[in-house]
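Given below, in the form of structure tokens, are the structures.
In what comes next, chain A is part of two complexes: it sits with chain B in the first one and with chain C in the second one.
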Partner chain A sequence: MATNLQFINKTEVTSGVTTVNVDNVFTDQYDVYMVQITGLHQNSNVANDVEGIRLIDNSGSVVTGSEYAWALLILYSGTTFSEQKSTSDTRLRLGLLTDQLSDGQTGGTFYVYNPNDSSSYTFINSKTFGMNTSDNNAGGKMIGVHKTAETIRGFQLYESNAGRPFGGGQITVYGVK
Partner chain B sequence: MAGSLIKIQETIVSSSTGSVSLVGIDSTYDVYKVVWTNVTIDTDTKQLQWRYRNSSGDVNSSNYDKARKILKANASFTNSSGTNATQFNTVSIGTGTQEQTNGILYLFNFNNSSEYSFHTEEASSLDYQPTLAGIQGGGVLTVTESHTGLTFFVQDSNNLESGTFTLYGLKK
Partner chain C sequence: MSEFGYIPDSANIEQSFGNNKGIFTPKDIYDLTRADKYTNYGQLELIETQTVSTVNTVNFTNLGDYNVHFLTVNNLQVAVTNTRLGVRFYESGVLETAGVYQWAYQQCLQGSGGEFKATSHSSIPIQIEQPINFGGGGYNYFYNLIDNTKFSFLTNQHNRISNAMIGEFGSGVMPQTSEVTGFQIGSYDSSNENFSLTASLYGIKEYS
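Here is the complex of A and B:
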């Protein structure tokens, strides 16, 4: 039987880097994409959340300007839930709270709407989970938008702090046909 | 995960339309999924709304309950809850540039005539201001009957202008 969730790409997160580009995954084949992040962790004991993602435009450049808006509800197991938001930021924050692998990891699913439509903004929503020694267990519910109408062909997993490189993980992209 | 999503119906709105019905829910799958993308409307400050459908058509009774969190990029988040409404809804959008809604529902128990039907929802929209706003939460129709689909429409009998609505089944 034909199916409509179609595997596109799997990227391994290598240890020691602070950016991972997942490029050339959004095309004219699909309007909606599902991205799964699994086993994402840091390579040292820093217990923090990953900065987020940034999009890659049609020329292959990472969009680094203040073109993103997002809203994130972090659901902590041990303390009050936290509202985080921005109307003008240089990344989309997903709420990926993680740590070195012996102390925690993070993952989740996010959907990308209309990335290949040059006349539309690109919208995202996500749900994540994570664990580290600072926050214990936490989940994230997020919405986001890239406020420029242009073709988007990929994204970058992004951490701005050189002292918090990734330790490993996987990123898998599917098209929703 | 791959290979488990089966498309049942896709409706593309390319001109002014009063409603879109997605049908075909039966015993084939236990869980169904609805995706809407790039949905725009013809009147400012109105909501995309939806009702469940049974074998007689849209269910118009006052039995829709919801509990959601509204996430906003420019203001404090708010709770959106209520009982005995006549429909479900997104945030209000408008007719300005890029004002649109995108979202996903997962549907549970729709083919079970002895239990309530539920959904979870996640939506990301540029609202009427225009500001990023979205919903994370769920809803239930408190009637023990089976449901065959949903109908999407615009608040106060206004029209859909564009968008794509798709119904999928999740393979058992």
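Here is the complex of A and C:
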């Protein structure tokens, strides 16, 4: 069997929604997963950043409690960088700054560690890119953790503001051998 | 009869990546692979490795049909200390050299760090100020290069060493909806300095 990246799943982000579940992608087949988001944009002219991601537990429920801790550096091309962090939050923020498609989009790569291990926290690190008319180019680098030892089987791309629905994009999941 | 000649009774079996059924002849496997319907793990696919010595540019003009590319750079050495290398994109074969690129980088080093940024520059830096004979390296992800409906982005992380180890990471964009057909690594500015390196470009395969 060849090693390195092994394709698992591709999910299209449909226009008009504010959450996208990528479920049943983390199994006992891999300890580490690589997730790539490409072309993620909003469906109207709302330059902002996407809230982030939340995990899906072994029963299929999205983990919405304050069980996440993260630290994020947003690197703006046009202004001072922004250091943001939380030790108790309801989502992991990735720094996905985006806009309507004609003005920008966002995406990046994040790695998920030990999601299928019920005795371990699930850790994530990410490297993202983005652009919108307010911020110009803006990259993000995040480290985060779900502070509950339980089996995680998927994740949800999450935006809490109903006025900022997604316009499209793709999410691709790979296992890392 | 199926498009592919499976054995046995498989006339109505729909084949797809991760969901193949039946017994396959070598020709079936060949045909299915070309149709992106045969399960063959290993989605990090090498496109090209180039090892160059004492050049002032190196071009990657075969991007395949991948939406995401991964580039590794190692053993980078320059002829002049503090040379900065950058990337410029080819749009339908024409190198974009105007000040259209935006980027932002965080530098991490002992004692202090720094923010580096631009909203109008002639390249996106991917490797900065590599001193002579220390052989630094790094990696980059490129997104949406071949998609003429989206801007072309990259993220980057690399290291260098002078008196101390230094790491840098960031992102950049060419905010133009054009089809990028390749890219060039060269001096970040107009200095046109020589360098040597080994760079490998991979495509990250995906399926519908």
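In this section, the second predicted complex is superposed on the first by the 176 of 177 C-alpha atoms of A that agree within 3 Å, B and C clash if a C-alpha of one lies under 4 Å from a C-alpha of the other, contacts with A are read in each partner's own complex, and residues count from 1 in each chain.
Operating definition for what follows: a residue touches a chain if its C-beta (ideal position, glycine included) is under 8 Å from a C-beta of that chain, and two chains touch if they have at least 3 such contacts.
In this text, all values refer to a predicted model and were calculated from it rather than measured experimentally.
If you put the two complexes together on chain A, you find that chain B and chain C bump into each other. In the superposition on chain A, contact is made by A:7 with both chain B and chain C. Once chain A of one complex is fitted onto chain A of the other, the partner contacts of A:124 are limited to chain B, with no touch recorded for chain C. Residue contacts after overlaying the shared chain place A:141 against chain B and chain C alike. Contacts of A:174 after superposition on the shared chain: both chain B and chain C are touched.
After overlaying the two complexes on the shared chain, residue contacts for A:77 are found with chain C alone; chain B is out of touch. Residue contacts after overlaying the shared chain place A:86 against chain B, while chain C stays out of touching range. Residues common to the contacts of chain A with chain B and with chain C across the two structures: 1-7, 36, 73, 127, 141, 174, 177. Within the complex formed with chain B, the residues of chain A that make contact are 1-7, 31-32, 36, 69-73, 83, 85-87, 111, 113-114, 117, 120-121, 123-125, 127, 141-145, 147, 149, 174, 176-177. Contact residues of chain A toward chain C in the complex are 1-7, 10, 36, 38-39, 73, 75-78, 80-81, 101-102, 104-105, 107-109, 127-131, 136-141, 170, 172, 174, 177. Against chain A, in their complex, chain B makes its touches with residues 1-7, 35, 37-38, 69, 71-77, 98, 100, 102-104, 122-126, 131-134, 136, 164, 168, 171. Across the interface of their complex, chain A is touched by residues 17-18, 40-44, 67-68, 102-106, 115, 117-119, 141, 143-144, 147, 149-151, 153-155, 157, 169-173, 175, 177, 204-208 of chain C.
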